[in-house]
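In order of appearance the chains are A, B and C, and numbering begins at 1 in each one.
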Amino acid sequence: MILRAPDLSEASRGRALRSRTPTRHGALVLLGALVVVAVIAALSLALGSRALDPEVVVHALLSGSINDGSEASAIVLGQRLPRTLIGLTGGAALAVAGAVIQGHTRNPLADPGLLGVTSGASLAVVLAISVVGITTATGYVWFAFAGAGLGTVVVVTIGLAAGRRRDASPAALVLAGAAVSAFLGAVTSLLLLIDVAALDAYRFWSVGSLTGGRGVDTLLVVAPALVVGMVLALIHARSLDALALGDDAARALGRRLLPTRLLGLAIVTMLVGAATAVLGSLGFIGLLVPHIARWISGPGHRLLLPLSAVIGGGLTVAADIVGRLVVAPDELPVGIVLGTIGAPLFVLIVLRSRQGRA
Amino acid sequence: MNALFDLDDISVRYGDHTAVDGVSLQLRRDRITAIIGPNGCGKSTLLRAVARLQAPSVGRVTLDDQDVSNIPPRVYARRVAVLPQAPTAPESLTVADLVARGRDPHRRWWDGWSQADEDAVRESLAQTGLMDLAERPLESLSGGQRQRAWIALALAQRTDALLLDEPTTYLDIAHQLDVLDTVQNLHHERGLTVIMVLHDLSLAARYADEIVAIRDGRVVAAGNAHEVMTPDVLREVFDVDCRVLLDDDTGRPLVVPGVSLIGRKMTGPDRSTPEATHVR
Amino acid sequence: MIVIAAVIVSIALLAVVSLGVGEYPISPGRVVATLLGGGDPREALVVHNLRLPRTSLALVAGAALAVAGAVTQTTARNALASPDLLGVTAGAGAGAVAAIVFGGAGGEAIGGLLSLGAPVSALAGGLLAAAVVGVLLRIGGGRGLRPVLLGVAVSAFFSSLTSWMLVEASLDDVERATAWLTGSLSGRGWTEVLTVSITLAAASALLVPVARGLAALQLGPDTARALGTPIPLTVGTLLGASVLLTSVTVSAVGPIGFVALVAPHLASLASRTPRPPLIVSGLFGALILLASDLAARTVIPSFTVPTGAVTALVGAPFLVWLLVRSTRTP
């Protein structure tokens, strides 16, 4: 029998243990990410079907008015600045929502887009516009929340029911999402038959785009939801860390599961609903960005969530730039660019993850 | 009062299936208690009921005379630590990060990381011999080391009691001994009350002061190792004819399985009464 | 045997009803009379020229999709391994849209355009998608739900490609492609029926020699190999047949999902076998698609809902049910 006397002298000698408080390392990482994203945003203002010189961009920004007569101002302030802002905030929201869903379901393959949550939100908005006749953002944004919340509940319930047994796989959640998406797609096409005018609205909402007339007005309307959602997510970070150890371990550490789940649901609903209302149904951001962030910062959510927000904004804007350049003078909506790049990356994640074993 | 936990006529039912059937039991403090029984007998369910992970359908569990369902989860987590079966953790989590989670019951979301937290983590790592491995990712550790890390997490909670659900089931024999030695040392040094579900009869006999034998959701026998590890009890609980020898080194019973009795007629005490051979 | 007879009878009944339904309703009795050669010339016109092609297409397309699904599920020993979930449908869709966008002059009717270019292009797309999934599975292993996960990714990829092409296409092409992409039996003619039927016959011919290999594969690849089954050839032929059936059918009727998933399950339930029997699956597929098409035409008065929407509305909950109960499937 091996008797291990506690080496308390080691403990009191203060052997090097990484501090558990938010570290300078973490702050540096965030700062670095912010710098990169700032560069991407600047590029977004300058690049497009017409490339503008930096001085022209700066001048337009400083002049502050679209109607100062210069074409550059019209482009920069009227088009590129709004879409950059929308991309940054919407992408950040989707990335954080993805991280939260992944944390709650302990499933690295979870994504609001793949799971059909964004489809639910966008369908709800199309319903609001075409069936109920609401045209203002303040009106239909509530439908977006309802759609996002309902979609999340349905998919996660199915996924959890499928995963109840010990050897079941988290991939069931993705399939549940595929089923829900297919179902919603069918409902949508039925809807389109009834109201052909909704086809235009549907086209935007179903693909995910930073333009399409949503504009900064909608962004201002949903801004409170975005802010509240983000703040709540940061508060929620430690619960997510506990959940990562399993339901039993989380409860053994004193968490109440039901309030924790409800808070997660509220956060996802707010963030996804707001993001969808602004940029339509966008997939892969919620899936990929948490993985990238985790690869940089590790699994601790107090750094993961802010980092995901920054990277999510940057990735969305970057994809938008690509969409503007690749088929100029036409544009590819962000959703298509992300689908084309995102799918192979998703495959990579599936191949790498040990949970893809079943 | 010597009993830390008092189980008063506990039953746990899932739909038609009764996992735990009218168990009344006292689990003594300052002891290592092992719960043994065949697969599906309800031993894990019983432990989960004590751990407050499973609400009993009937009856109540008390901790120091207080009904556990009335104790808020965070308060309970400061008094009882639980190591669940086959625990999972995110891939790149380091040992120290895992152990740090054990401080959650002592911190609200606005609390920063205090010196008390730091000391608790250090001490837990030292007591489980993991100081050198503190910054390594969990997945790079052996099975036994990983279990020790989870035990360190439980230690960081600074509780009086530690509940372990099959802590050795997936480990090689060397790692099994490693884990159980650690648990035993902690019991001696910190006076931890340990209650664990074990699969291996000889290990249970060797490490536990008290043993509870469960069959079909009922207690067949409870007492110290010599009282419970008898051929009669083992026959009734496990459907096996065994010989029980004495291990000279440890002074504890050593179980040598003989003939399987599956499918043959059972002889033995009447099993319709729940506490057939309640030996004290 | 009883099952087969029952299904055939159901199909016949449903077909007769289906031929009688529409803007110009014809009673079942008169439908039969018309089919047998007699009857009112106007009714004969409606039945033979308008409705019979559609009904026939529903039958053969349903059968083709179902057989493809049964083959894949049995070969992969995976209840969820259906071509539409594995990305073949999306790949075939991308191929067909490519044919529409890059190949056709504007203004032609869909029927004429699809007679040659689209099926081949769809087949190429379907093969490509299947090949991609196959390669990925060899890299990572194909247990459990992983093939379908990869299929989701590959589907997403090809869907994006399809959307990309549509962004670049002319307005006419976009309209036609979008209409086609919803998966419907409207506006198709005897050409499509012929194409799918020939494919069904060809695939059946392909499957006959490997039928025993298929049975052996159900015991697992190791056992099958021990029994002397040439695994690569057998699996290749089986999956090739499945992709062929799916792609050509998709090129004819658009991406109609869930038939390939649902029909084999119903077939194995009805026949009380653990794995879906191929012929019975085909019959069930025909029945399902026929019923869905009937529903699509009748559920909203004076509207024809896309058949793909009906199959998705019914099939998606079915997939969910499968997911929730099937965690013990390999």
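Simple rule for what comes next: a contact is a pair of C-beta atoms (placed from the backbone, for glycine too) under 8 Å apart; a residue touches a chain by one contact, two chains touch by 3 or more.
All values reported here derive from a predicted model rather than from experimental measurement.
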Chain located farthest away, centre of subunit B as origin (C-alpha): C
By mean Cα position, the chain sitting nearest the middle: A
Euclidean distance of C-alpha centroids - subunit B vs subunit C, Å: 55
Distance between chain centroids, defined by C-alpha means - subunit A, subunit B (Å): 42
Averaged-CA centre spacing for the pair subunit C and subunit A, given as whole angstrom: 35
For the subunit A and subunit C complex, residues of the former touching the latter: 109, 114, 158, 161-165, 167-169, 171-172, 174-176, 178-180, 182-183, 185-187, 189-190, 193-194, 207, 283-284, 327, 330-333, 335-340, 342-344, 346-347, 350-351, 356-358
Of all residues in subunit C, those that touch subunit A in their complex: 80, 85, 136, 139-141, 143-146, 148-150, 152-154, 156-157, 159-161, 163-164, 167-168, 182, 257-258, 300, 303, 305-306, 308-313, 315-317, 319-320, 323-324, 327-328
Residue ranges of subunit B in contact with subunit A within the complex: 48, 51-53, 72-78, 81-94, 96-98, 100-102, 104-105, 107, 109, 112-113, 117-119, 121-123, 125-127, 129, 131, 134-135, 157, 177-178, 181-182, 184-185, 189
Touching residues on subunit A, where the partner in the complex is subunit B: 1-4, 6-8, 10-11, 15, 17-21, 106, 166, 235, 238-239, 241-242, 244-246, 248-249, 251-256, 294, 298-300, 354
